[in-house]
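The following pair of complexes shares a single chain, chain A, combined with chain B in the former and chain C in the latter.
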Partner chain A sequence: MVRRSVALLRGAAASGLSQTLSEILVCPLSKQPLRVCNKTGSLVSDEIGVSFPIKDGIPCLVPKDGKILEDDDNNVALRSGSPDDPSSTNMV
Partner chain B sequence: MGRRVRGIISIYQIYRSSIDINQYTRIYLSLPFPRPRWMKSHRSMASIQIPLPLSFGRLPASPRHPRRLRQPVRCAAEERQALFNRIAPLYDNLNDLLSLGQHRVWKRMSVSWSGAKVGDRVLDLCCGSGDLAFLLSEKVGSDGKVFGLDFSKEQLLIASSRQHLHVKRHFSNIEWVEGDAINLPFPDSFFDAITMGYGLRNVVDRERALMEMVRVLKSGSKVSILDFNKSTQPMPSSFRDWMIDNVVVPVASSYGLGKEYEYLKSSINEYLTGPELEKLALQAGFSNAAHYKIGGGIMGNLVAVR
Partner chain C sequence: MNSFLFRLRRVSESASPSSSLLRSSRVAPSNEWVCFSTDSEGSSGLRIFDRDLKRKQRDRAAWLMRPHDSLTDTVADNLLDRLEDCKKTFPTALCLGGSLTPIRGLLRGRGAVEKLIMMDTSYDTIKLCKDSEPKMGDENMEISFVVADEEFLPIKESSLDLVISCLGLHWTNDLPGAMIQCKLALKPDGLFLAAILGGETLKELRIACTIAQMERDGGVSPRVSPLAQVRDAGNLLTRAGFSLPGVDVDEYTVRYKSALELIEHLRAMGETNALLQRSTTLKKETALATAAIYESMFAAEDGTIPATFQVIYMTGWKEHPSQQKAKIRGSATISFKDIQQQFGGGN
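This part shows the complex of A and B:
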């Protein structure tokens, strides 16, 4: 349990995004929770298949800046669950 | 090319020390030809000193290297962006100059009207370089949380660097988000108060922005929207137009911001009057709305209850 929460904190920190923001922010279009993806340092909206970048710790959630995730192998990591699965958020 | 003078200054940078009244801006030029004698030199760079057309107190120095030269920028696009990054604080200082410092009072009033208190979770829309967010931060204290949202990344970076300049104060309760006021990335019924300073006038779809505010506000909470007051009476309107043409634009032009401030006149004319704003807020879903004129009628603050 401690390892998971530490991993969560590291996950949020790796992307440069604060823990608070990673838990609170929702997709500006679908209003559903976002998933932090460490590999690309972005916030992913699984509902609509769009990723939003994080730059200098500031999430860019302007709809026109969202990147549509394409169905190819390169984005498997983005689409599949990462260690930062939302279901494990309530560890603290 | 050899010794041939290329003739064009390829890169330049603006060195900005803390600027006081009657001081100067020193421009450092990296020249591709030998420095003429009339130019003073500072280390390896030639420099010329030009008086500021108008000074208005201290501008914040660079947050990382307060008194050192900035690195020269390479291409025109990056140069312009870096320049706008540096002059973003000028907007606040021009506000100081043009409102004779009154904008600080109006912003404090707007924060009071929002009903934000200790421990609250609040949102500052179109936060820009963070004026209202910093006031809210003091109001909500370390148990509260402030979210500053703006469309412009450059303004947010300025706000973020201002936040880190004042480490002694509890500005650590502020988070910055780049986003669109008509598509807010926050859950429903999330905030205890919202403020918006000089932003609604610039939003294309104002009703949609108000509807988003209704969605993210908790029931019974307020939004406080400060902006210019569009007066229907001819006297205040013509005085304001005269001020913009003969004071605002010339001052802004001396800093290369003439065009940006020329839009102000038409922008205010396209805005809504107090009663129109009240009606729009009720249409968007607020239960109550009242518009207050302040600053002798030049400014107006809309207060709407969710």
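This part shows the complex of A and C:
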């Protein structure tokens, strides 16, 4: 899962995130890599199931800004939003 | 090899009785031992400052900010000046919350920063920085913006050459934790540079508030936040595991026309009271009494009132084999006596 997240962050240009940020940013709580979700325009920390918004190209990674992704359906739906991920596209 | 000149300016060891525990002595924690839900297990869980309020104050400050504030500009310039003392360059730098715009405006290619990441807890402050970016006209530097909390640093390990924080870290509840996270984010031989407000800051206001409150309200509530002392700064650097720690202190006195202007300035800097135990009401009478006491006790002959700002500058490096260190005890081959004789000292 971690490897996939890294690969996904590379294709982050669509969300307005700069190359530097996509290389450097991690989840503020778990310090694990983040995954860009182009559909919702957010950064997702799979480790703890929290999504952080990207407002106007500025990622908001304050823990209080994060939304907890509750059920699994939601997770699958979010994951399918990323075009670089063949496995999750198949699931839809 | 790092060549960093430690400029020791008036490192004053003020001896107040409340010494050992950082930021603990003046605020008695009563029922605020509740752990923050997003707290990592490493931190103590003690909360002194209301971080959400601070965020709002900084949002507000983004709108109130003056384009050229002499105090923050001086501190930022002094901090950035230290980059010129290093032979090393810092391609990737992170600028933590506090005075972001002065740092951005005064960097002027110092430290050969190629990629600068600006971070703050307040979205409006970051937005302001981003909107003013095209006016800067510096295309050699890549600037990125992040909204994040210093206590929960979202930066990958060993990815930065420089972490710079100008007047922001004194509002963190867990300052050692924040500094440890900064150290983790740094590459080996990376530099941590920070300026925080020290305990002597706003001592006049502290006194005036206390007297006015005792007089009008019959009791005292914390109006000015507890701040780190100089000796704490050195301990903090060592505790966070920085090598070659350096601390120096500067005191600035700013003169205002009246006490109300001082408060306006504090508001514009986002430095107003954010203590969890603050009293949320302030009677107009008490406020006016504070201003009157301030003026009668501290006003200069020309009618201006001074306010002291003590700034503690901290420098620390992430350890690296190339850095100088002490030799092993007993490894000396020459006696000090011989050296003394050789140089003809002692007379």
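Criterion: the second predicted complex is superposed on the first by the 64 of 92 C-alpha atoms of A that agree within 3 Å, B and C clash if a C-alpha of one lies under 4 Å from a C-alpha of the other, contacts with A are read in each partner's own complex, and residues count from 1 in each chain.
Note that in this section a contact is a pair of C-beta atoms (placed from the backbone, for glycine too) under 8 Å apart; a residue touches a chain by one contact, two chains touch by 3 or more.
Every value quoted in this text rests on a predicted model; they were computed, and no experiment measured them.
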item	value
Which superposed partner A:G49 touches (first chain B, second chain C, both, neither)	neither
Partner chain in contact with A:C27 - chain B first, chain C second, else both or neither	both
Which of chain B and chain C A:G41 touches, first, second, both or neither	neither
Touched partner set for A:V62, first chain B, second chain C, both or neither	both
Shared chain A surface residues [contacts with chain B and with chain C]	18, 20-21, 24-29, 31, 34, 55-63, 65
Residue numbers on chain A that touch chain C, as the complex places them	18, 20-21, 23-29, 31, 33-34, 55-65
Sites on chain A touched by chain B in the complex	18, 20-21, 24-29, 31, 34, 55-63, 65
Parts of chain B lying in touch with chain A, wherever the complex brings them together	145, 151, 153, 156-157, 160, 175-180, 183-188, 190
Chain C to chain A touching residues, read off their complex	38, 40, 52, 55, 92, 115, 117, 121, 123, 126-127, 130, 142, 144-149, 152-157, 159-160
